[in-house]
Amino acid sequence: MREVTIKEFKKPVFKKKPVLIEGLPGFGQVGRVAAEHLIKELKAVKFAELLSPAFPPEVFVDSNGLIHPIKNEFYYDSKNSLIILIGDTQAADIRGQHALVGAILDLCKKYGVREIITIGGYATGVLKEKPQVFGAATSEKLIKKYSEHGIKFKSKKERGGIVGVSGLLLGMGKLRGFEGVCLMGETPGHPLFVDAKSAEAVVLKLGRSLGIKIKTEQLRKRVEEIEKFRTTVQQMMQKAMQQPKEEGDDELRYIG
Amino acid sequence: MREVTIKEFKKPVFKKKPVLIEGLPGFGQVGRVAAEHLIKELKAVKFAELLSPAFPPEVFVDSNGLIHPIKNEFYYDSKNSLIILIGDTQAADIRGQHALVGAILDLCKKYGVREIITIGGYATGVLKEKPQVFGAATSEKLIKKYSEHGIKFKSKKERGGIVGVSGLLLGMGKLRGFEGVCLMGETPGHPLFVDAKSAEAVVLKLGRSLGIKIKTEQLRKRVEEIEKFRTTVQQMMQKAMQQPKEEGDDELRYIG
Amino acid sequence: MREVTIKEFKKPVFKKKPVLIEGLPGFGQVGRVAAEHLIKELKAVKFAELLSPAFPPEVFVDSNGLIHPIKNEFYYDSKNSLIILIGDTQAADIRGQHALVGAILDLCKKYGVREIITIGGYATGVLKEKPQVFGAATSEKLIKKYSEHGIKFKSKKERGGIVGVSGLLLGMGKLRGFEGVCLMGETPGHPLFVDAKSAEAVVLKLGRSLGIKIKTEQLRKRVEEIEKFRTTVQQMMQKAMQQPKEEGDDELRYIG
Amino acid sequence: MREVTIKEFKKPVFKKKPVLIEGLPGFGQVGRVAAEHLIKELKAVKFAELLSPAFPPEVFVDSNGLIHPIKNEFYYDSKNSLIILIGDTQAADIRGQHALVGAILDLCKKYGVREIITIGGYATGVLKEKPQVFGAATSEKLIKKYSEHGIKFKSKKERGGIVGVSGLLLGMGKLRGFEGVCLMGETPGHPLFVDAKSAEAVVLKLGRSLGIKIKTEQLRKRVEEIEKFRTTVQQMMQKAMQQPKEEGDDELRYIG
């Protein structure tokens, strides 16, 4: 059983050495939502799939009853020389994460990736009207370059951490000679809250940094839908907390 | 230490390319009970055993004091061209599940399996008089075929999941070119409740879908026994909740 | 990193094909205490050590400050043709347990072991004046043989389990052609309670079954010491529960 | 994926067979703080880095936004013939710990290490004005040698344990022919409390044992800073416990 399997079914072509953008699931789904948006807007094309025995042993079923294996996917955008990594999950254990990142870096090496950009959420516990974008990079040079686009690198805290693929890809990447930056959109960090607004903030900074024009109308719509949903849930829960719990439907209660 | 060992001690013969039916333990033991019934009714013959170092490190002891190693077992039914997979357990960790499914798919390939049917429970939290059978499949074609027999594939929910071998076998199978369907009998999902009624519902749909006549008298008896037992437990617990806890037999309490 | 390493530093000699007796830590330390006693009484000689990367990553320190690596040990008794397995621990994960048992069975094969006897505690939650000895075996023949010495094999419960090396050694052993029996001394199953009385009961049955005279005076002394200690603790705890908790020594409380 | 990777980028030179001093994170960070101090005071030079797929899958970010991969590091001091091992973490699972220790011992063998000194905290639950230094060693000879410098080896307790690399390095080391000692500074054992005072106590004993003059002024300063911080936190928490919890900032509360 190989640790990670990457199946490439298309040969990507780039104008210059590509940039890898990673948007796997994480805090507020910021990375995933941002990467999904980039793929749609830039009409990026899928060229490879990645499987791991450390992915959760399950499948997704869509509303039609169709089964979808759990995987990560690589897309490319020839015009802007981008590789975009998106997926259903990160690996579910420590060694799986290291093996996943190792395999992604092998692919980066194969295509001569010149810079790695990982996208994540920066969990602050509070919901901001205008989420900021924080950064962390593998070199002073990159910190300087990305700081010019309004990304915040300095902090008062001595030392923080970036957990998961967004961090490890840059850490292991640095040791293998890659340079890169992690862009983190401020987000409450609630496990079920999909923070499209935070993703929008990251996409805007990312576009500016890479010198690519990326439209965000579709992302804006999603922000508004989520905002509407959030307000509804908020009202429902306020109501629910004013009612006593109902007894009933006790058929099975006696078994347990 | 090999990940999975399959020992074949008989050579199964089939009239046409066989269908694999998987019934390992899961929600409500629906799959296991259904598979046990199929083996008995169709007089299927055991031809292989599967062992894994990711199975729980223990053994079963029957009421005579005889020890039984923990394993999975493959049976075949020549007449109806079926392979039936049954067992004591699924693997106890993520990589074990992937390795288990990989080994099952190797066996499917060896015998030219044309379709994989996995059986599971669909945990709804409530006990229904007439449990429904839900489905998920690897292709639109199979969804159409099985829908004709009253199996429900569509749902309003965006995306659900099938956890464990019943899901992974179809997900990894799809990636290796197999087609298949998961039949899920509606069940409360209580960990100790063996839902023979739900298994019966699945067996009836399964027989109709495969064009095989399967008697369910024995399963009906089991449903009635479990129903009787459930009622008894329910009454005992109602009584118990009306009595205060007794003190006594305190010999060892003071050690802890 | 090999899964398990066995270092043999002596060549055991046996009059006839040996019996393996396993007494690793478990419920009530019944197996370990019984095996320790057998080694002392029969003057068994250590001939091999077993190490595993799945043993807990720590060491023991004795009251002199001397460090002892964690390991399992094999002793032999030429006269009675016995191999006795004793140790500080079982493996700490599922695969480690399978690998440990696999390595023990390799050693059994090497020395032509004719029967495996595993010793464990049978946790009942209550402390008995006269603990019984329960059994489970790999064949009807062995059940019959050991039943003659007053070991109880039959039970009303449909199916129980034996967790850990005591079970797995017989389960995996059976699949590899070994026969064996698990002798379980009735014990409360409290994690800190060392049940020398239960171990004594097993040793007596074991000696009778093997036709070996084993003195148990030393074990009797240990039973009495533990009994004395248990009574003292019981009295201390009764006192403690009559006193309110004291406040004080709060120096560090504020840090946490 | 290799279990452990050691990259050596300098060739250390020693006057005589070196001593390895290990100071990885643990109780009260005693080992890490002591090792950091030794490296600074003795102007030790980094010559190797160690990586493991069992290290936590994350990176550290400093206050400038610069990313630091998680690793262990080896320093050497030619004059005093020392190798000092320091790091961000121990391995996060059992097998990782064994592999980590195995790799460290390989390096010890390569450089002919004559003795291994591991440093840890001895968690007592209380904060002492003058923390003692406890010891455990692989031989009676070493116990005698280190006892002369006021390190306590004997205890009334039958058997304790040393968990993690500080213990395992000596246990696995002993089995591979290395001799060594673990020096444990008494510490409360609180997870967030960095016990520089305990580290200072160990460093003083260590210097005396090795016949090396080590200044501890810098460590003293750190002790005083931590003491000041501790007092502040203590006062803050006393205040906090006198105030009722405030409601407010409830924006997201309703989502969860």
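Residue numbering begins at 1 within each chain, and the chains themselves are lettered A, B, C and D in the order written.
The rule is short, and it goes like this: a contact is a pair of C-beta atoms (placed from the backbone, for glycine too) under 8 Å apart; a residue touches a chain by one contact, two chains touch by 3 or more.
Source: prediction; values computed, not measured.
Relative orientation of chain B and chain C, expressed as the C-alpha superposition rotation angle, is 90° to the nearest 5.
Taking shared numbers over all numbers used, the chain A to chain B interface scores under half, which places it in the different class.
Averaging C-alpha coordinates per chain and comparing to chain A, the farthest chain turns out to be C. A straight line joining the Cα centres of chain C and chain D is 36 Å long.
Rounded to a whole number, the gap between the C-alpha centres of chain B and chain D is 50 angstrom. Chain B has no residue in contact with two or more other chains.
Taken as a contact graph, the chains are arranged in a single closed ring, with each chain touching exactly two others.
Chain contact summary for the complex, chain C toward chain D: residues 1, 51, 53-70, 92-93, 96, 249, 251-252, 254-256.
Within the complex, the chain B residues that touch chain A are 3, 94-95, 97-99, 101-102, 125-127, 135-140, 143, 152-165, 167-168, 170-172, 174-175, 182, 188, 190, 192-193, 230, 233-234, 237-238.
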